[in-house]
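You will see subunit A twice below: alongside subunit B first, and alongside subunit C after that.
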Partner chain A sequence: MNAKRIDKLATAVISLLVGVVVLILLSLIGYILVTGLPHISWHFLTSPSQAFLKGGGIGDQLFNSFYLLVLTLVISFPIALGAGIYLFEYAPKNWVTNTIRVAIEVLSSLPSVVVGLFGFLLFVVEFKLGFSILSGAIALTFFNLPLLTRSIENSLTAVPKLQREAGLALGFSRWQTVLGVIFPEALPGILTAVILSAGRIFGEAAALIYTAGQSAPILNFANWNPFSPTSPLNPMRPAETLAVHIWKINSEGIMPDASAVSAGASAVLIVVVLLFNFSARWLGNRIYRKITASK
Partner chain B sequence: MANIITTRNVRLYYGDHEALHGIDLDFPKNQITALIGPSGSGKSTFLRCLNRMNDLVSGVTITGSLKLDGKDIYSPQTDVVALRKKVGMVFQQPNPFPFSVFDNVAFGLRLAGIKDHKLIQERVETSLKQAAVWEEVKDNLTDNALSFSGGQQQRICIARVLAVQPEIILMDEPTSALDPVSAGKIEELLLDIQDKFTVAIVTHNMQQASRISDRTAFFLDGKLVETGSTKQLFMAPKQEATSDYLNGKFG
Partner chain C sequence: MDKIKRQLTSSSKATRQDRIGKLVAFLCTFLIGLLVVSIFYMVASRGLATFFKDHVSLWDFLSHQNWNPSQVGKDGTPEVGALPMIVGSFSVTVLSAILATPFAVSMALFMTEIAPKRGQKVLQPVIELLVGIPSVVYGFVGLTIVVPVVRALGGGTGFGILSGTLVLFVMVLPTITSMYVDSLRSVPGFYREAALALGATRWQSIYKVILRASVPGLLTAIIFGMARAFGEALAVQMVIGNASLLPHDLISPASTLTSVLTTGIGNTVMGTLPNNALWSLALILLLMSLAFNLLVRVIGSKGRLTK
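What follows is the complex of A and B.
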């Protein structure tokens, strides 16, 4: 066999493998969308779920998922940004820094159910936060921090070194250089990282079962007092999210239309995660183009 | 002629390896000093000692005496940020910030604490004029600096440095990434600003050194071989190595 034929063969094999990956992905998403989309209606998206009757919706769960997402990002983004900037600019190159990096890597490979059980023992039981959105948000912060920190650091490192030198040579302090020069340039990458992590948070179930709980108390959407137990904004109430709801219906759902609700909820979940992913790309490209002035 | 920067016996080590072997070089005020020599001769490394950019490289140690206005550049009391405000730098690759032209030049002023918008506007205009790029950008001050040509970007970078009014400007091969016309414009502007600023320029282009500089220093293998007025060094070099290099026998 000559080099040319081997090259052709290799190309064919690689194309085939890629084809398999794409096929699996498409059939999975296709199946979920085809079985789920017919069940989605305005009523389904806005009404509360039913435990025993048919015709329940996912309104509260959908709201819970978004609320939990916002809370998690509010807690984890500042921490991840600080840690990312520290690792990028201030961390000395020694064993302490290396230990931090290894710790982050280990943390990022923790199974989410372990994070959930840890959160259960520490926040729910020990800190007496109970099954609450707050417990869930803190557990998801643990789950989200390593990857977010890593991708923020990567976005900062991706800014050309020359920019950092330019800032420092102009007599900017390190902090001014990071904040004024490097951060704006890394912003598209950072935003993409945040949105992609939002997709991961939105679809997470295992870490929430033991922290945010599996019950969805009746919410009164006219009550915006965050201390009232029926208020949707109360961070101390238990909150079943969409992903947890899907898990629960499939393991112990007794409503007559359980499979239809599960299919519809799964489709909604997939659509939202896809939206996160596409908007991350769109926004990242847009800001990148604006910043680099390329047309 | 007063020297603004004086250096004595400057040695620089990367770990254990000595890269600069005792450099004595002075920079007279309001003159252009050219640093020439083959690649790897240490001229850029030496230049980066003057505003402590080598601090960013790990494992570098510098010994000897380097003084700006009689004050030790490497003293523990030296405020590096303040030092770099006095010693500006222009790099080989144009590296404007990804902001508008105006913000590129105004940024340093704002960080220096200047709030008066009118003063900032004046300073931006003056600096862009000094950098000979005002006519080309004055109608597009809000455009992103990266949308201009390489030569224009480099002159915007020079304006950015001039705006914070340093005493001395270090230039590390500022024209080697540019076309001859753009390079010529930068040479012209250097001649125009030299009564206000002191310039130290590293260049591979010997015609450029002979055209614009008052004094020239020839580096070879981490040593300063010869220094003198540009005319003397080019017409009657004292060292054989200088004459060989100028005649293109190596390098």
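What follows is the complex of A and C.
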């Protein structure tokens, strides 16, 4: 065989393997949507789940997932922003900074189940918070912080150096320059990073099983007092999220329509995560186009 | 006069603001560092209790095959042999990485060398979608498709290392691909130009030059993928069968460190031996993740392209 033939053959093999991957993805998403979407109805999305009977919904779980997402972002965004700004602007180049960077990298590669177990040990056992939304949100914060910090720092670094120099030349302090000049410029990147991390948080289950718990007590959506145990807003109640619900009914569920419920719930989960991903992409592109005036 | 003096000697509002801002930002960063230290400290203190408080020998823990922490074995020591889980974790990790690498390399080559524009446009979203699908959904699909298929083709229950490998294969694929794409992009353009100018075909320049120049990048990518596979909990737990037996083949039920942890922690009492033994498994997970990190660093510092 001559070199040209081999070249063609290699290209064909590579294209074939790529085709297989694309096919896997398409059939994966297709399968979930085709099996799941028929189960989705207004009733399914709003009614509470059933432990033993048919016809349970995912209303509480869906609410819990979103509530947990909001709480997690509220806790983790300021910390990640602070850390990102410090690493970008203030961190001196010495061993302390290096160690912190290594620590962030290590944290980002820790298995989420270990992070969840740590949250369980610290909040549920030591601080006696019990299985609660708050414990879950803090565990998810641990899991989210390193990635969010890194992407915020990257967005800040991506702003042209001239902007920073111009700010400093105008007599701003470093803090004013970062907050007043660089942060607005980096905002699109930061926003994209936050939305993408939202998708990750929404689908995470391993870190939540032993922190937010695996039970969804009956919620009364007319009760908005955050201190009442039946109120959806109470951060101290145990809360099973959508992802945990899928795991639970598949590993120990005994309701007769477990596979239908999990197909529907998986479809909802996928649709929400895809929405987050697409909106991040769309927003990023749109803002990029607006800023650079390119098509 | 005093007013001017005060103005000149005291720091301005902006300076004070800057100091406070710097302090707050530092505290945030410090918090993350503290977090990592406390994770290691707390998991280690629980995990080491098995060896120091309950006097299980480390070697027995790592090499024995019987995992039944609530019972005492024939020789009078508790049955806490973690070998089945360790073998299970390593086999799904290594097998899925071996399976995923050719696909990941093809994807990356397609995106950077063969069809940079079109490939990038189509495959970038593919990678992002594969990353975005939550692990429980992978587990659910594994349970409803992969397990029955394995059962039909291979016999047995369908639960086992093979199913775990197939699910993890799809999960580590985007990790390896996207990291390898970055490393292919960092291969200098003149390497390609030089190979083509010598009359090499595209495959020759890929095979003889680009692949070789990017070996450290590929290794790093594979290790990151393995780290993800090693730490993945729920998707694996749902398809592997959860039997703490030493796996003899790929289609009999097995277990991994993570699967035993997710199912076990809730059923044991804090501070007892069965619970401590589980924390020892978590400690192994933690140390392995550290080891993967270290490996990436070593490769990164040794294999940097010298210009």
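In the analysis below, the second predicted complex is superposed on the first by the 269 of 295 C-alpha atoms of A that agree within 3 Å, B and C clash if a C-alpha of one lies under 4 Å from a C-alpha of the other, contacts with A are read in each partner's own complex, and residues count from 1 in each chain.
As a convention for this text, a contact is a pair of C-beta atoms (placed from the backbone, for glycine too) under 8 Å apart; a residue touches a chain by one contact, two chains touch by 3 or more.
The structure presented is a predicted model; accordingly, all values stated were derived computationally and were not measured.
When the shared chain is aligned, subunit B and subunit C each come close enough to touch A:176. Touched residues of subunit A were counted for both subunit B and subunit C, and C has more of them.
When the two structures are aligned on the shared chain, A:61 is found in touch with neither subunit B nor subunit C.
Looking at the shared chain after the overlay, A:160 reaches subunit B, while subunit C stays out of its contact range.
Contacts of A:168 after superposition: subunit B is touched, whereas subunit C is not reached. When both complexes are overlaid on chain A, the residue A:25 reaches subunit C alone and has no touch with subunit B. Of the two partner chains placed by the overlay, neither subunit B nor subunit C lies in contact with A:132. By the touch criterion stated above, A:273 is placed in contact with subunit C alone, subunit B being left untouched. Annotation: subunit A residues 172-173, 176 touch subunit B in one complex and subunit C in the other. Listing the residues of subunit A that touch subunit B in their complex gives 93, 160, 162-163, 165-173, 176, 180-181, 184-185, 290-294. Those residues of subunit A lying in contact with subunit C across their complex are 3-4, 6-7, 10-11, 13-15, 17-18, 20-22, 24-25, 28-29, 31-32, 35, 78-83, 85-87, 89-91, 99-100, 103-107, 109-115, 117-118, 120-122, 125, 142, 145-146, 149, 172-176, 178-179, 199, 202-206, 209-210, 214, 243-244, 246-247, 250-251, 259, 262-263, 266, 269-270, 273-274, 276-277, 281. On subunit B, the positions that touch subunit A within their shared complex are 51, 53, 56, 58, 81-86, 88-89, 91, 93, 95-99, 107-108, 111-112, 143-147, 157, 160-161, 164.
Listing the residues of subunit C that touch subunit A in their complex gives 14-15, 17-18, 20-22, 24-33, 35-39, 42-43, 46, 102-103, 106-107, 109-110, 114, 119, 122-123, 125-126, 128-130, 132-137, 139-141, 143-145, 170, 173, 200-204, 206-207, 224, 227, 230-234, 237-238, 258, 261-263, 265-266, 270, 279, 282, 285-286, 289-290, 292-293.
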